[in-house]
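Below is one structure. I have some questions about it.
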Amino acid sequence: MNRFDGRKTDDIRPIKITKDYLIHPEGSVLIEMGNTKVICTVTIDEKVPPFLKGSGQGWITAEYSMLPGSTKGRKFREATKGKLEGRTHEIKRLIGRALRSVVDLNKIGEITLWIDCDVIQADGGTRTASITGAYVALVDALNKLVEKGTLKSIPIKNYVSAISVGIVKDVPILDLCYKEDSNAKVDMNVVMTDKGEFIEIQGTGEESPFNNEELMSLLALAKKGINELIEIQKSVLKIEL
Amino acid sequence: MNRFDGRKTDDIRPIKITKDYLIHPEGSVLIEMGNTKVICTVTIDEKVPPFLKGSGQGWITAEYSMLPGSTKGRKFREATKGKLEGRTHEIKRLIGRALRSVVDLNKIGEITLWIDCDVIQADGGTRTASITGAYVALVDALNKLVEKGTLKSIPIKNYVSAISVGIVKDVPILDLCYKEDSNAKVDMNVVMTDKGEFIEIQGTGEESPFNNEELMSLLALAKKGINELIEIQKSVLKIEL
Amino acid sequence: MNRFDGRKTDDIRPIKITKDYLIHPEGSVLIEMGNTKVICTVTIDEKVPPFLKGSGQGWITAEYSMLPGSTKGRKFREATKGKLEGRTHEIKRLIGRALRSVVDLNKIGEITLWIDCDVIQADGGTRTASITGAYVALVDALNKLVEKGTLKSIPIKNYVSAISVGIVKDVPILDLCYKEDSNAKVDMNVVMTDKGEFIEIQGTGEESPFNNEELMSLLALAKKGINELIEIQKSVLKIEL
Amino acid sequence: MNRFDGRKTDDIRPIKITKDYLIHPEGSVLIEMGNTKVICTVTIDEKVPPFLKGSGQGWITAEYSMLPGSTKGRKFREATKGKLEGRTHEIKRLIGRALRSVVDLNKIGEITLWIDCDVIQADGGTRTASITGAYVALVDALNKLVEKGTLKSIPIKNYVSAISVGIVKDVPILDLCYKEDSNAKVDMNVVMTDKGEFIEIQGTGEESPFNNEELMSLLALAKKGINELIEIQKSVLKIEL
Amino acid sequence: MNRFDGRKTDDIRPIKITKDYLIHPEGSVLIEMGNTKVICTVTIDEKVPPFLKGSGQGWITAEYSMLPGSTKGRKFREATKGKLEGRTHEIKRLIGRALRSVVDLNKIGEITLWIDCDVIQADGGTRTASITGAYVALVDALNKLVEKGTLKSIPIKNYVSAISVGIVKDVPILDLCYKEDSNAKVDMNVVMTDKGEFIEIQGTGEESPFNNEELMSLLALAKKGINELIEIQKSVLKIEL
Amino acid sequence: MNRFDGRKTDDIRPIKITKDYLIHPEGSVLIEMGNTKVICTVTIDEKVPPFLKGSGQGWITAEYSMLPGSTKGRKFREATKGKLEGRTHEIKRLIGRALRSVVDLNKIGEITLWIDCDVIQADGGTRTASITGAYVALVDALNKLVEKGTLKSIPIKNYVSAISVGIVKDVPILDLCYKEDSNAKVDMNVVMTDKGEFIEIQGTGEESPFNNEELMSLLALAKKGINELIEIQKSVLKIEL
């Protein structure tokens, strides 16, 4: 049985990753995943947070936002309200953790890599698209440091992508769009390496609890999707880690 | 091989749940889990958020905080700084989701149940202790509504507890205290029902990714711990759901 | 004598206006003016601010922001800092005034048109590009209301564009890019209709005062640029006002 | 004539001061005064505010908060609202002044002693209980510095306690609980030393002005209560100043 | 022995109260007390706070601020910092309480009287000058309501003034200017009626505690000063209460 | 035809500039322009913003505020709301730019001159009166530095004033009071030197666009008004630049 948009349960949406999307940042990517579109940029700041001063170690921090026009019904601007909502905090922390976990921060020196993920258009899966796109921008920015001679090699061992999975009408499916996401009884985001190892699992039984068997199906779907995403990342980056 | 505090890898710390800890709130509990101590209260507000007005449905929302004296080295007060930190947002959202998922919100009428978890003393596992304790305060508060005749029955079907698991020096262990938590390469929080079903899984490979086998060990440990916690909840509540 | 990028003193940069750039908002445009790129959206909110309730009149309000990756050297995120900077206030008020001045607010009913201008890439002239682009998105959104039968006609009489002019090394020039703008001794933004009438003039002698003759040269340049911009707006909109 | 809870007009409520209530802070106390319960902690910070840098002098600063579940009807959380209410400012300043006035700040070196008073349960007199409890935690923390050899002696000369007095139905009474406080026409807080000298007097004729004779009665009651509180402080601290 | 400015210990500074200082507010006063100058205004708002809606009762609320140029060394602007400092909260609450205590709020209907005290120039005693000046503006505003026929009579029974007293170099003195205030070992503010009754006493032994005898001297000085201030208020208002 | 207050179209209101209005700031002025009254102060801070440290250059920054009692209907206090409104940002930026443009910042050393403009009473033209008054306070403050020997000469070459012009009922008029301002179809503020050169022009066709001829009339009126203001500045300052 096909999904409302014609996809099979284990199909991801069409993906397009545009590298060097902007002229100013050290790394920049537009990732399109179906109708979801996110600009991911990496900017290098020659400072570290206070707790790392003098440590010789670098840092990675992430921020996330949705443009007011990215959603159906205008999304209020957090800058105007004067504070980030809880969901934004949750997502920026997830993106930061995911990318920090694959970079050897001892090898980049005392710099901060700012990851910015700005959702231009939202149709489900914006946080996982952010991670998948930001990873490409990050490798690209580090690669430029290698080309400039600042770094000897890219201090990253694994490819990393992220994808959402969920259970809709009792069927586990891969890469939920917004319409599916709002009807999911279980919702899970998975961040995984090209070795098939987990960096992060966040699963919620929003409407009802889920059992072990369902968990296994979801993780298998996620693995399939992540492998496909990593192939696309490789073809865009053309870099061997 | 035993842990630094004498526990086996699958031992939880000594637990004590004191019901009716305070005189004012509709439900209140002091939960002690080793040195971790959290006051969990439930207060009933005869209003719902705007998006539920007229829906006949109720709401549950949670807040979480740590007292300045709860940690080693004073914890700054978020009220003074004027905003909640990201970690607080993440935890209050987790507690709220976990408790909403087991209550039939259509059966409580248009009221809001405020869950407040205030950490008096922290030694790891404050978010999971908050959920385990708040669940007891919540059932107790709803039971009082039944006794007053406001509700016909407690609109909850499952017992729910939460526990942390992690991998320290390559060994999966249950219920991490702070010292273990800071050395964990993988850190996971699990919220589960008495039927052995998952309400939430949040696992992070903070230092390095983890594989499927490790995931399975961690989930098994979590299940053992949760079963023990639920037995304690039952003995305190003495209520059949 | 030509400018550093080959333009003559009275040349505007290459312009591209892409209509229907996003799927969710009622009107949406990507405007590119050389390297400056701004997403302009119009969203309809079925409410008016308190001071207009019951008046039968509608309202237009604007917000403006720059993505962190839009500038050379990361632009801090105002949402994280918790407040808008003064420059942002100045620009959003300018955009709002400019667009309110051409719409007959008595004819749109009690709705609010939210104008959002988000700068994807900045190279000078972002506030004027915002006005020129937002005008197109606004007419398009109102036109859809006409097509749906909500409005009888588009309640706008004039085409409106905006452009920057300035004096660099004693020479008045049109449409300054960032490099020129930072060296300008006089900086002026002009908003004008297709009838050649002014909606707004904001001129500052940042480095030194300017005399009447210089003012006249700048206004003449602005008029030339505005006429060219309005031709492009007309060709994109294909609507007779 | 007795009060509604059986006390005479010059009776204080049952007092219990538990020292070493928490494991992390340098000093910590749970003070219970009837149903009012406050956790008072003292944490040492090896820095001083900018205006004291290089002065050789230390500082004492206080913060005060009420847990959401401490009051009848949930107390909103100031951290969520993003700012302290006026009453909180007033109380934290009072606690800070009272404790600074008895410590010789020139003798503690350039450190800051953070006093935190968190009300677990409120039934009137929380600000005075905070001062009485925090004094004990403060002496205890300084005594530990003496035992460690950091200080030669405790730089405090006087015992200090605080109590509320007020006029209810024209009768001056000592140590008002919440019910009495809300009906008081005059409300006064007194901070006093074991020598019978005043550190602070704050009296308000909330409902009607009070005359000199009434003032004298209130101060006499306060003195009696303070003497009793100081006896309890002495028996808990077992330290000669 | 005279004070540095030639005054005796029980002298107040030269006072000038200018009524109808501004054209817009319902009541407005410039009070000058030596070099201390405060603009006090009263504005009528035809609403009450939520907790009074439908009660038939009115409300009085006060705000206080110091102009940046009012002090030696620029006073930072609280509006720019985004929050009121604790001292401001303390003072605005004091002013509000003092004025509410003399007005029969049941007789003014459901309106809010906004008291604004803005310090133009500060030289000690700004909070007491604010109360003394605002009282005049308040009576004047209420008198205008009587003249308009909105009120039958001014719902105030007592004249009210406020003054500071303190102990400097062991001598109790009246009406401290800034130089004296910074050297006071005891500092007290007294609000009193023309009947010699207290509305508020706030005394602090900032540098050292004070005994009962000292308290009595200070209260006697305050009474003398208040009587003189009330005579001036009467001569300016020319209204019998 | 005369205006409602008897003025001709090219009359400014009666002006009074009182120098040395306050005792603490380095420069202070009360400017009265009809019923509009603004206190302008200049305070010297021996620091510069971070971007100028080590540059040898000084800085000028301005702040603007309206007292709550300055307007018809109480103006809310921005400090209480916790943020500046957009209009305030716009005005403080305008004042800062205008004054920076006439001072040779390289000649004052690394200090910051804080300009504070606080509107005591508002009746239109508060931003232009602020500039005109602050200019006098600024020259006076710099002159004191010359007298003290800190500066060799006043680093200012031009006199500067500001005035509003506008079109009301199709007639261009000079120096609009509030009543005229609220009925203006075009509103313009002009800052100009004694050489007749422009420092800033801000013109808005709030109700309808304006043509070139109207612009010329407005600028001519502004020039006349500015000349008169500069004469008054000269007579108050008695300083040759």
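Letters A, B, C, D, E and F mark the chains as written, and numbering starts fresh at 1 in each.
The criterion applied here is as follows: a contact is a pair of C-beta atoms (placed from the backbone, for glycine too) under 8 Å apart; a residue touches a chain by one contact, two chains touch by 3 or more.
The chain list, named the UniProt way, goes like this: A, B, C, D, E, F = Ribonuclease PH.
Just so it is clear, the model here is predicted, and its values are computed rather than measured.
Annotation of chain A (Ribonuclease PH) and chain C (Ribonuclease PH): not jointly contacted by any chain, touch as defined at the top. Note on connectivity: the fewest chain-to-chain touch steps from chain D (Ribonuclease PH) to chain F (Ribonuclease PH) number 2. Overlaying the C-alpha trace of chain C (Ribonuclease PH) on that of chain E (Ribonuclease PH) calls for a turn of 120°, given as a multiple of 5. Chain A (Ribonuclease PH) and chain B (Ribonuclease PH) have Cα centroids lying 28 Å from one another.
If you average the CA atoms of chain B (Ribonuclease PH) and of chain F (Ribonuclease PH), the two centres end up 59 Å from each other. For the pair chain A (Ribonuclease PH) and chain F (Ribonuclease PH), the distance between C-alpha centroids works out to 51 Å. A separation of 33 Å divides the Cα centre of chain B (Ribonuclease PH) from that of chain D (Ribonuclease PH). Among the residues of chain E (Ribonuclease PH), those in touch with two or more other chains are 82-83.
Order of chains round the ring, from chain C (Ribonuclease PH) towards chain F (Ribonuclease PH), by the touch criterion defined above: C, F, E, D, B, A. On the chain D (Ribonuclease PH) side of its complex with chain B (Ribonuclease PH), the touching residues are 22-25, 28, 35, 39, 41, 43, 45, 63, 65, 67-74, 77-80, 82-84, 88, 114, 116, 118, 120-122.
Listed in rising order, the residues of chain F (Ribonuclease PH) touching chain C (Ribonuclease PH) in the complex are 83, 86-87, 89-90, 92-93, 97, 101, 158, 188, 192-193, 195-212, 215, 219.
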